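You will see chain A twice below: alongside chain B first, and alongside chain C after that.
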Partner chain A sequence: MASKNSLMSWIDRRLPVTENLERHLTKHPVPSKVNFFYLFGALLMVVFMIQVITGIWLMMFYTNTEEGAFASVEYIMRDVEYGWLMRYMHSTGASAFFFLMYFHMFRGLLYGSYQKPKELVWLFGCFLLFLLMAEGFLGYVLPWGQMSYWAANVILSLFGAIPFIGESLQVWIQGDYVLSGATLSRFFALHVVVVPLLMIALVVFHIFALHEVGAGNPEGVDIEKYRDKTGMPLDGKPFHPYKTFGALPAIGVFFIVFFAIVYYAPTGGGYFIEKPNFEEANFLKTPEHIAPVWYYAPFYSILRAVTFGIPFLGITSKFLGFIIFAASIAILFIVPWLDRSKVQSIRYKGIFSKIAMIMFATSFITLGYLGTKPVNEIRTLIAQICTIFYFLPFILMPIYTKYEKTLEVPDRL
Partner chain B sequence: MQGKKAKHIHISEGMSLYTRDRSPFYWGYINIDGEVFKKSLKTEDKDEAIKLLTLWKDEILGEGKKVLSQKINMPVKKTLISNTKPFPKEKINATRRKALQITSSVVGAVTVAGFAVPFLSAWQPSERAKALGASVKYDLSKLEPGAMAVVEWRRTPIFIVHQTSEAIKNLPSLNQKVANPALEEGVSRTTNDKFSVVKGVCTHLSCAPKYHPEIEPKAWDEEWKGGFFCPCHGSKFDLAGRVYKNVPAPTNLEVPPHSFEGDTLIIGEA
Partner chain C sequence: MKKLIFLAFFISFFGYSAGENKCGELEKCFSFDSSVHDRDSLQRGLGIYKNYCSSCHTLRYLRWNRLQRDLDIPETVLIDDLISNENIKTSDFVTFGLPEISPIGAPDLTLRTRVRGDDWIYTYLQTFYQDTSQATGSNNLVYPGTAMAHVLIGLQGTQELDSNGKLIQLSKGALDPEEFDSAMRDLVNFLAYASEPARIERERNGIYVILFFVVFTAVMWLLYREYK
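Up next is the complex of A and B:
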């Protein structure tokens, strides 16, 4: 027997490498016909790796103190060889991460990738979105620019809005009576260790759970039904080489766009890195207009749209805003139990599901646009309407998915 | 060749096949109530090996206790073979076991909670942060009527407004427009009628409201009588820091603890 094989069997006897590689990578069956929406998962893995690697290198030059943080970022940008590339890849990577994540999740909503038995895959994904939002927020504070400081102030004051415990909770999170260096250094620890570790664990769970239940497809057809003699589904193909090589051109295109932004428009016109962030944090000077980075804008809009409280329950408008804002993310977690449809894919669902998806997507984008703009009466009103449209597709989902007329799903892909 | 993968293959209760590194043959393994039998089945074929193993088990058990052939078709599952006898059920003291479980859970939980204390407390403001939060003084004699000074206390901007007589006259007339018109704390919301002392932090989302003392129509209010306007989300406050109705900010601008000593204002000590 060849020496390579006996080495492999020596290892396999002690650690099942071959078995797991085959199970999770090479021989793992995936549906033979999917569309571009199914590429985002692979791209997300690529971006995650970019973030981890550039993040480690940035850490080598960054200083996590109030006095040193801003200067160290300037040092990375100006003095460290290719430091600018590391930082712009990391900051653009953050935007790319959210961009891909939103499409990846919208794919899930469209094609019912959360339906039984994929609930856990979806849940882990939602946790990943939550962690990504936390990670992005923590990371945005680290350069200690004006927007870092004031945006963090806005978000931390949300905790202060919680009745009774709010104020002391906020002081505890900040480690000071105001947002200060104490906050910065703990955010650094959370950003580089705690949240990434949790994310890696969840990515592993997400993928293991996916491989247990099998990847979906835009038709919502169960490919496990028909198998050939070797046990490979008739409408399935092994992950390698069919999907690995299929994803390569997509990764190529992604890199072209990604690096075009990194090289030519790293600040994304103020949407990826906001202009006030090129000025060091100043406790006494609030920027004229505090806007979140684009990827938080839809949720920020929801937060701001709540201009009223529930006085007789002692709930202020600020706290109610916080609740609705939290609910806008929390509602995603329960989607698997809201959808009562017999079919998975939007292609076979009825008209109401289609309207609901359009409603959701439109309001999400509109809220995103409004979130980056200063408020006025008309914008607040639009944001309030869009907030309702954001929630309605989910709240009414148990009703319309149950009663609407669906098309018959074919047997095969 | 199958024989190279060295692992146990569970066949049915107490019966399994296993393969060894150096042997191409399947080995049989039978466990009858803790008594273990094993031997090489001298075959490389798995089905053959299962057959031989079944026959062998029948041989050991003797007539009348034959292994049912259906059992052999059970799903092949990897499992570790245990040759410990189960502890006889009648000897288990359930109450004692429950008590031990509860005690150890409680002790465990208390330990975890105890260890959490230093880690969670480390997030509280440090002694240095507490010292930096001490009170500050400001000399009011330098502040002209209508002017505003910004003093930093606990890194928060504190707005000190020297009210003009016109402003003091106007304040009660705004009672209709503000959400909480109570002026029992004094027209200027301090013990000193001439000065207002408020935190320059919008009670909505911590932006800094801008000082606009002019009495003139503004983009945000045509009957503006002077006050603070927050450019972030459009909250309006009058010169005493009282919040207008129907704006995002829920409450009046906060008044920090402060006291007057002659011409000196002490912020941080009531």
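Up next is the complex of A and C:
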């Protein structure tokens, strides 16, 4: 590992820079053939950086008080040089984050990116989804608009629905008997410090764990099997420059779409920034229709689909909804132990796995659509059916993956 | 097949439409998309705003000097004709001396087009009609029971609902229907500008940012080809 450069060797004796650069970049082997689904990880890193940088910028001008929050956002939009750009990049970035995250995770489900020995990579990823949802929720409260206030009220009241401890738990989280300035300032602290720090730590774990077990590929072929004399897998290429340069055009395309939205449709037709949020929070006036931003819509739909409780156990419909809503995210965590298939990729799995994936994706999108609409009887019924279809692919996974007929996985990529 | 699924996914994504389309008693609002790039229209809109809106409504997030810069208003016109109050500085907000909370409940209009939408405001302003059961003597199709009087009656003339619930013109105002329509377009354009002054710069410069990334992508594509 000795470097010819004397400065580098001086540093390397004290800090293993060259060794780690080689380990994680220039000599880190990645599969030579992957498809576009494998670009979302890199794009997520880009979006994460956008969020951190624009977030710091916004934090410099934002006021985290009940009296000042709303006006400070307008101050950023009007009086701060390029403040509007920072804000729109941050709000569009939040939507982009979820969009890419959903594709990134769907890729994982399709190509078995959670299977042994990648369980931890998947688990850290699921934790990141959970943290991202928390981060998005906390951040949405900060502009202190009507939708910030009332959407937060809906979510916080879920904690209040927990039997026995619910009410005191809700007050403890809010820091007040109602959602107020006390809640706003603690949400600010959580949004800008606690959750982002946890996310950075988890991203590091996610990537270190990935580099330990090696990246997957759409074929589910183990590239470590055949190596050349230097130890590089025959179906592998060094991460840098092959994959880094491979990601750059994708990052370019992403930025074209991203800035097209930032500059020409920053509110996303009311789905990225909702209309009622341009009105300051008013605890005397409930908006006619409380809709979540699009990226929470599927989960919100699941929450609303539960219209019945279990009275003899003292479980209200609201609490049961909360449990099922939590389960819809929790179930993702145990996917590595639900899948009993001998093969990784959907390409070699049987027909039932394919049907299950289509079922899952369709119900997720339908739930998302329904989540943004006001409820009526038909929509509730469809949401209930879709909720079942959302869970079924996972609940039945141990059975169909074990018994379905799989195809032979080739030796080489 | 795969492409078809993705296509279906994207179409379903864009098929989402915000809430329901209903516009008060109307099936749909009159369609109108504001433009903030016609400076003359914005100036005319400001004129209508000052004459007809400013005695009740504020614009408390918009500053006079921002207005001056974006609408190209000469300093003398701004200070003498528009502000016409020596206690108000050009860096103050456009409140016309009204208190922060209106005693008659008139909302601040700075962000109103963003809350309601351009088309809602545009339709609202056009659909006042005579209704003696209301305290103000007029009612509105978009916002039934509105507390706002038909302040534009002098320009629009009086309207009435016929037995089918359609608006009919009773008497002529100072403007004929086309002129009134164009005046309302100016006013909503101005309000849309007030809700987001940065929109002028945003919509003007966005194309250069996008073009930059088109070139960036092309260069990066060539780099990628070298290392494929």
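The criterion applied here is as follows: the second predicted complex is superposed on the first by the 409 of 413 C-alpha atoms of A that agree within 3 Å, B and C clash if a C-alpha of one lies under 4 Å from a C-alpha of the other, contacts with A are read in each partner's own complex, and residues count from 1 in each chain.
By our rule, a residue touches a chain if its C-beta (ideal position, glycine included) is under 8 Å from a C-beta of that chain, and two chains touch if they have at least 3 such contacts.
What you are looking at is a predicted structure, and each value in this text was computed from that prediction instead of being measured.
**Student:** With chain A superposed, do chain B and chain C clash or fit?
**Tutor:** fit
**Student:** Given the touch rule stated above, what does A:120 touch, chain B (first), chain C (second), both, or neither?
**Tutor:** neither
**Student:** A:241 in the overlay: touching chain B, chain C, both, or neither? Say first, second, both or neither.
**Tutor:** second
**Student:** Which of the two partners, first being chain B and second being chain C, lies in contact with A:289: first, second, both, or neither?
**Tutor:** Touch partners of A:289: chain B and chain C.
**Student:** Would you check which partner chain A:304 touches, where first means chain B only, second means chain C only, and both and neither mean what they say?
**Tutor:** Once the two structures are laid over each other on A, A:304 reaches chain B alone.
**Student:** Given the touch rule stated above, what does A:326 touch, chain B (first), chain C (second), both, or neither?
**Tutor:** neither
**Student:** I'd like to know which partner A:175 touches here: chain B for first, chain C for second, both or neither.
**Tutor:** first
**Student:** Can A:359 be said to touch chain B (first), chain C (second), both, or neither?
**Tutor:** In the superposition, A:359 touches no partner, neither chain B nor chain C.
**Student:** In the overlay, answer first, second, both or neither for which of chain B and chain C A:374 touches.
**Tutor:** both
**Student:** Now for A:13: first (chain B), second (chain C), both, or neither, which partner does it touch?
**Tutor:** first
**Student:** Chain B to chain C: minimum CA distance in the overlay, Å?
**Tutor:** 12
**Student:** I'd like to check the shared interface: which positions of chain A are touched by both chain B and chain C across the two complexes?
**Tutor:** Chain A residues touching both partners: 289, 374.
**Student:** Under the touch definition given earlier, write down the residues of chain B that touch chain A in their complex.
**Tutor:** Its residues touching chain A are 4-7, 21, 120, 123-126, 129, 133, 150, 152, 154-157, 203-208, 231-234, 246-248, 250-251.
**Student:** State the interface residues of chain C toward chain A in the complex, per the touch definition above.
**Tutor:** Of all residues in chain C, those touching chain A are 9, 12-13, 15-20, 61-63, 66, 110-111, 114-117, 195-198, 202-203, 205-207, 209-210, 213-214, 216-218, 220-221, 223-224, 226-228.
**Student:** Contact residues on chain A for chain C in the complex?
**Tutor:** 71, 74, 77-79, 84-85, 88, 241-242, 245-246, 248-249, 251-253, 255-256, 259-260, 262-264, 266-267, 269-271, 274-276, 278-279, 289, 291, 294, 361, 365, 369, 372-374
**Student:** Quick one: in the complex, what on chain A touches chain B?
**Tutor:** 1, 9, 12-13, 150, 153-154, 156-158, 171-178, 180, 182, 186, 283-286, 288-290, 304, 307, 309, 316-318, 374-376
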